[in-house]
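Next up: some structures, all given as structure tokens.
Common to both upcoming complexes is chain A, partnered first by chain B, then by chain C.
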Partner chain A sequence: MELTIQGLTKRYKDKTAVNNVNLTLTPGVWGLLGANGAGKTTLMRMVAGILTPTSGKVQYDGIEIKTLGEAYRDIFGYLPQNFGFYPEFTVTDYLQYMASLKGLPKKDTNLKIDELLHQLTLAEVRNKHIRKLSGGMQRRVGIAQALLNDPDILILDEPTSGLDPGERIRFRNILSEFAQQRIVLISTHIVSDVEYIANRNAIMKDGQIIAVDTTDELVKMMDGKVWQSTIPTEQLHHYERTVRVVSVRNEDGGNVSVRYVSESPRLPDSQTAAPRLEDLYLWLFRGEEAVKEDAV
Partner chain B sequence: MNRMIGLELKRVAKTRSTWILAAGALLLSIVMALLVISFAHHWYLDENGTEARFTGRDAIYANQERQKPIEGELTPEKIQAAFEIYHEVYETHGAKIENIPQDLYYQRIVPVNAILNRVREVYVDKSTGIPVPLYEISPEEAANFYGQRTERLADYLSQEYKDSPDAVEQALAINEKVKAPFYYVYGVGNSDTSEYLTICIFLLVMLCTVIAAPIFSADYQSGADDILRCTKHGRRRLAVVKLLSAILLTTAIFAACVSAFILISYTAFGWESLKTSLQLAFSAISFVPLTVGEANMLVVFSGLLTFLATVCFTLFLSTIFKNPITVLGLALGSCLLPTILSFAGSGATIENWIRLCLPSGGVGLRNGFFYELIDFNFLPLGPISVWTPYIIPVAAGIEIVLFFILAVRSYTRHEST
Partner chain C sequence: MNTKLRSKLHAALKDQPDLQISEEHLIQTMRASRMAYQSRRQRERIGYPAFLLRQVRFVAAPVWLLQGFMLLCAFWLFGFADLGAVSNLAPRHLPILLGCFAVFITMISIPFIGRSVQYSMLETEMATRISIPKLLLTRIFIIGIGNVLLLSVSFLLASTKAELGAGSIALYLLLPYLIACCGCLFIQACAHRGYQGFISTAFCFSLTALLFVLYKTAPVVYEQASVGVWGALCALCAVILIIGINRLLDKAASLDLPPDGI
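On to the complex of A and B.
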């Protein structure tokens, strides 16, 4: 099973959102990292077949997805960044509606819905209107609909936004279990979400893929570039302007422990630190604001 | 497919705005029917000899009682008898109503007025086109009402369509199917039922446009469509399902509302009155071979086609635009356009073709199928003339299929940016 993206480009009037992207997705969880506006959503929409590329193509096992049509959509699950739902529906109504669109046999539908509602801890709100649920719960309903047809290809655009730390852990576990022999592509700008579950990552910047590799290999790129130093609190402001600070932790005695990325040590008494994916992200997106989330 | 239609129907029916609009439409239909009943009036002389008036149901009962003697087939003998009564009164008191004693007027003239008025229509001074005074029509001449009517119709059509002999021929050919003697029972034909039925359908078209407008566009706007169209049946089949569900639901609303209107108004005015010839309800020289009941049935049928054409057109717009308000504005604008053209248009041929061929061309405030049916309108189409009541249902029928197909095509190809 292979999803091949070849020379994919999407150009709007005055902007190239995705520029000649080439990527071959194999079974496993793929993280698609990039800052806001990097082109992740546009790329995913083209892979989902709901946006026509300006040039290039997406093939599933050698056949263009446009040619596959219904057959491709039958093995496909998608959660867009903005989860639009029908406010008049209860959770069960909505999932039944989606199950019928996905062609699930009526006899299997209720069983599948029950299973997903329990997995995503939505069983208690199954008869509630979706509009009355919290943002996190609504997101979980969105994930449930994407999983309804046990898709071979699952595309999730910012699936964890709005989820609390507990929900994110649960989501990662479900996904790790689910991803066996399936292609799962998760786009996020929350690095810690994919760090733990993605087998491979693609990093996107300005519409292009700038790095593709396993998490370990990508992290190796940062060897010797991640530093840690303890400095007086009053100097923090000065150093923040000269180096890319990853994190800051308060220490005793009016000091702060600073983790930063740089080609060479820039702060007094700097020690090298073990690199993480988040460091790479910040290194690659110097000058852009990254969302730092505590690892959970 | 059935399961999908069931779930889509459930979805649309569960929308609060659908319920509110459906309930509003039903209430409106009932109110319109009650309005028509309230418009009925009956003048009489009370115990003190002064003129008084009933309205509503009482008026209908009183009129039914008063006109019972002339009910049934309007035979030449019946017409002659009515004129003998008139001449009897005329010879004593003259033609001016104010000179006729009120009690005599109410007892003798009013019960046969329906006959006198229809006869007056067909006896016209050929040089001026002005109706001949009733006292100049003898009872024997009046008995020739049916012969005179055909002559008057031919004269009228020849004057109206001097340059279109084809239109005259067609009208006279249709007229040959008109059954004589005419049939008369006081009731629906004497009321504004047909006009209000047209207005009721017009308002239903507007309300159901509001229901249909967001069917696709709201999904585009909310982003729900991105998920739907990534599913196995999320393209052509979903489009067909959404269209069929919207059509089924709005048709059900149409059926319920029109049934309510008809049941209330017909029951009030009497079902027997539906047998009245159209010529005795609207114009004696009408060449349409229908009864009031048959004409109203055609108004409903044509109204349904117009309704469906407008709903399909609105759904088509909904597949194009992302904003339901834009769709609603355009759809309501197109609903009102035939009415605006009929009020403010120049009456040019091309304008009339456009007015009648628009999806909502069959209904309006003072235009639509009913008005074309009781009028004498033909429109030229190259060398031939087309009777306008034919244009509306044919255009609507074509548009239903056309906009359905276009909507499926447009939805399948839609791509949000």
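On to the complex of A and C.
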């Protein structure tokens, strides 16, 4: 099973959202990392077949998804970033409606809904109106609909936004179990979500894929660029302006332990630290973050 | 083998004029294809009739509820004339009453076609097995059943009470209904996403006002002599409506999401 993205480009009037993306997705969990506006959602929509590319193509096992049509959508699960629902729907109504759109027979539908509601701990709210549920619960309902047809390809756009830490962990476990022999693509800007479950990651910036590799290999790029130093609290503000700080932890005696990314040590008594995916993300997207902060 | 696949294979083989196909290779290919076909996961899926029936619960419930209310209104307006609603108006005012009622039938039902956009469901629905044109067609069919029933009941009730001919009553109902449908479908296809419901409602109210103004300022429009024109316009609108539905389905088939989402 293989999903091949070849020279995929999407241009709007004044903007190129996705620019000549090439990527081959194989079974496993794939993380698609990138800052807001990097082109993740546009890329996912084209892979989902709901957005026509300006140029390039997406092939599933060598056949273009446009040609496959219904057959492709049949093995496909998708959770969009903007997840909507009809106001009169309860959780069960919504899942039954989506099951009918996915062509599931009635007998399979009820069994599958029961299974998913238990897996995603939604059984107790099955008869509640979706509009009355919390954001996290609504998101879980969205995840349930994506899994209804037991898809071979699952695409989730920001699936963990609005989930609390417990729900996040449960979601990761469900997905790890589910991803056996399936292609799962998760788009997020929450690095920790993919760090634990993604077999491979693609990093997107300005509409292009700038790196594709396993988490370990990507993290290696940061060897010798992550530093840790303990400084007096009053100096923190000064250093924050000169280096890219990943995290700050309070220590005894009025000191703080600072983790930062830099080509060379910039703080006194800096020691190298073991890099993580989060460090790489901050390294690659430092420009965008600065722009965003300035804008705010 | 389906025709599309056959022609594709034929075209591909044409590009390879020197290709030698042996019997042995053919058998091997057939065996490999059969194995690949059998090893795929079997997925039982429902056909379109079963899908249509299951949609009744989700699509029809809210529409039929409103249409049921309109049915009660039809009985009140045209059925129980002695109770007062039309007794003082009919038969002189019946044409305008029928016209306005027909426009309201459209007004309450057509916005249901564009619910996917209104409630941000389109993106989720587009990624499912059933295509958006099929889903729209299903909605139009379900809404149409209710509308045909409403128009028929109104026609029968008005026929029993009014002195107008059956043909005239049918035209006074059908023409405003068809104009309203054409206009609303045009709005669904062309208006900015999210505003279709509002614009459709505004259009229907404007049409009702126009009917009323015509009735007040040019009563000749509603006289027996104009029936031929009404008939011709009805036929024209029916053709435009069919074209409009086709265009809406075509547009839905090539639907693209805007960059800022829906």
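Brief remarks on what is shown
As a convention for this text, the second predicted complex is superposed on the first by the 289 of 296 C-alpha atoms of A that agree within 3 Å, B and C clash if a C-alpha of one lies under 4 Å from a C-alpha of the other, contacts with A are read in each partner's own complex, and residues count from 1 in each chain.
Keep in mind that, in the parts below, contacts are C-beta pairs under 8 Å (C-beta built on N, C-alpha and C of every residue); 3 or more make two chains touch, one makes a residue touch a chain.
Nothing here was measured: the structure is a model prediction, and the numbers come from that model.
In this superposed model built on chain A, chain B and chain C take up the same space, so to speak, and clash.
Here chain B and chain C are compared by how many residues of chain A each touches, and C touches more. Once the two complexes are overlaid on the shared chain, A:Glu70 sits against chain B and chain C alike. In the superposed model, A:Lys15 makes contact with chain C only, not with chain B. By the touch criterion defined above, A:Thr41 reaches chain C but does not reach chain B.
In the superposition on chain A, A:Ile50 makes contact with both chain B and chain C. Once the two complexes are overlaid on the shared chain, A:Asp152 sits against chain C while remaining clear of chain B. Look at A:Asp108: by the touch rule set out above, it reaches chain C but stays clear of chain B. Remark: of the candidate stretches 21-29, 75-83 or 147-155 in chain B, the one overlapping chain C after superposition on chain A is 21-29. Overlap of the chain B and chain C interfaces on chain A comprises residues 12, 45, 48-52, 69-70, 73-74, 76, 78-80, 82-86, 88, 93, 96-98, 100-103, 106, 142, 145, 149. Residues 41, 43-46, 50-51, 54-55, 58, 61-62, 115, 119-131, 135, 254-257, 259, 261-262 of chain C touch chain A in their complex. For chain B in complex with chain A, the touching residues are 3-4, 7-8, 10-11, 14-16, 219, 222-235, 238, 415-417. The residues of chain A lying in touch with chain B in their complex are 12, 45, 48-52, 69-70, 73-74, 76-80, 82-86, 88-89, 93, 96-98, 100-103, 106, 142, 145-146, 149. Of all residues in chain A, those touching chain C in their complex are 12, 15, 17, 41-42, 45, 48-52, 69-70, 73-76, 78-88, 93, 96-98, 100-106, 108, 142, 145, 149-150, 152.
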